[in-house]
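In the two complexes below, chain A is the common chain; its partner is chain B in one and chain C in the other.
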Partner chain A sequence: MRFRARVEVKLRPGFFDPEGETVKEALNDLGYRVENVRVSKVYTVDIDATTIDEARLLLDEMCRRLLANPTKDLYEVEVQPL
Partner chain B sequence: MRFRARVEVKLRPGFFDPEGETVKEALNDLGYRVENVRVSKVYTVDIDATTIDEARLLLDEMCRRLLANPTKDLYEVEVQPL
Partner chain C sequence: MGRKKACILRVGGTNCDLETKVALDDLGLETEIIHMNHLLRGHRRLNDYSLLVIPGGFSYGDYVRAGAIWGKKMLSKFKKEIEEFIEEDKAVVGICNGFQVLVESGVLPGIDGSISEYPRATLATNSSAKYECRWIHLKYHQASSCRLLPDLDEDTVLRIPIGHGEGNFIVGEEVLEEIKREGLVVFTYCKPDGSPANGEYPYNPNGSMLDIAGICNSRGNVMGMMPHPERAYFGWQMPDWTSRGLQPYGDGSLVLKAIASYVERL
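Moving on to the complex of A and B:
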């Protein structure tokens, strides 16, 4: 069976987000009064697996091995059948 | 009033996603049979506005001016009171 996963990877609270800070400054320069800009990434991944639980397990493994850095990142995985 | 916005910016379908392709190859090299990997960005932004509609309007403007490129990107804005 084929599944589509959505993986969101974001910095843990307290970790400095240089990209978010740069975007905040650019928006301030354009005249927008914004604060606390944070940037995260979403990976959409299609995967073949026997069950949705197997797909979730594989995605969790991919996060720990490649997509996220557990020391500084939090991640969330959502899987649905395609 | 203060609002928190969540802005997701992704490539329009059909646009080549080099980052997604690189991640796909890296996952394949690790032994995961994945396909169609796409990467998008989520900006979390705190903003002061008089009403939620004003906040939405401002965020939409920010997307068109800075956060997204309307030629190649699609974006979605969600705003909620803080």
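Moving on to the complex of A and C:
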């Protein structure tokens, strides 16, 4: 079966996010009263697996091995059949 | 016996390979710049070299994270060869992006000499939020486990340039304790008089824990550093040679000469 995963990788709380800070400043310049902006990266991954649980396991492994660095990143994975 | 051979590995986005080769050639090593595809196709064998340098640049466009793609590609294709290279006490040096590659691949910190499946450290975005491209002061720690720099004097404050946006060395508490216990801190950023930067900007340019600028593995033959010794190799590369007088060699030569000396003794 083919599955589509949405993988969101974001900095752990406390890690400095200069991109988020810059976006926050720009939004405030536009007149919005923005308190905080954090930037995440989203990967859309299509993968073949026998079950949705297997797909989740594989995605989890991909995150730990490449998509996220466990020292500074958190990740969330959502998988659904295609 | 022929000259010892150095492999400067490159991929798309590598951009410090040539100046590294010029410096290592000058030190008497037989140096080749090898694209990773040449190793993959069997045109060259890692085993034929005594020194592997992973130079600076922006490999694979710094996609995912700086050094992440190259680190994982290298390990997925050559893990066995790299493990053998390390076990034979040959030298592996990562400079700037090369340091990021060694961290992302799990080769560094290399506690217990092993390559970890997942990265155990990170070189995060500089705390200044800037791409820091300038000269810094650097202190070498002779008490570290690093065996690549036997001839380097601890009392010399080195002036070497940096050029990176992600050099903020961070580890979890457990790994930090292991790094301290194993003596893996090789270089730290310092003040011009050699006193510790203690995290103070601009002496510590990126916010690195313990002012770390370079570390080694437990075995002492793999080293990664953010500063670029190859950009301070010749005297005319130093920023003030016109006022101080032209010397044949710059501070970076002390680091590369020490590495070459280790390699020559293999």
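Criterion: the second predicted complex is superposed on the first by the 82 of 82 C-alpha atoms of A that agree within 3 Å, B and C clash if a C-alpha of one lies under 4 Å from a C-alpha of the other, contacts with A are read in each partner's own complex, and residues count from 1 in each chain.
Note that a contact is a pair of C-beta atoms (placed from the backbone, for glycine too) under 8 Å apart; a residue touches a chain by one contact, two chains touch by 3 or more.
These numbers were taken from a predicted model, which means no experiment stands behind them.
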In the superposed arrangement, which partner chain does A:30 touch: chain B (first), chain C (second), both, or neither? first
What is the contact status of A:53 with respect to chain B (first) and chain C (second): first, second, both, or neither? neither
Report for A:78: first if it touches chain B alone, second if chain C alone, otherwise both or neither. neither
Quick one: classify A:16 as touching chain B (first), chain C (second), both or neither. second
Winner by number of chain A residues touched, once chain B and chain C are compared: B
Answer with first, second, both or neither: which of chain B and chain C does A:66 touch in the superposed model? both
Contacts of chain A common to chain B and chain C in the A-superposed view 65-67
Report the residues of chain B in contact with chain A in the complex, numbered from low to high. 8, 10, 20, 23-24, 26-27, 30, 32-48, 58, 62, 65-67
Note which residues of chain A are touching chain C in the complex, please. 15-18, 21-22, 64-67, 69-72
In the complex with chain A, residue positions of chain C that touch it: 64-65, 68-69, 72, 104, 117-122, 124-125, 127, 129, 170-172, 175, 207
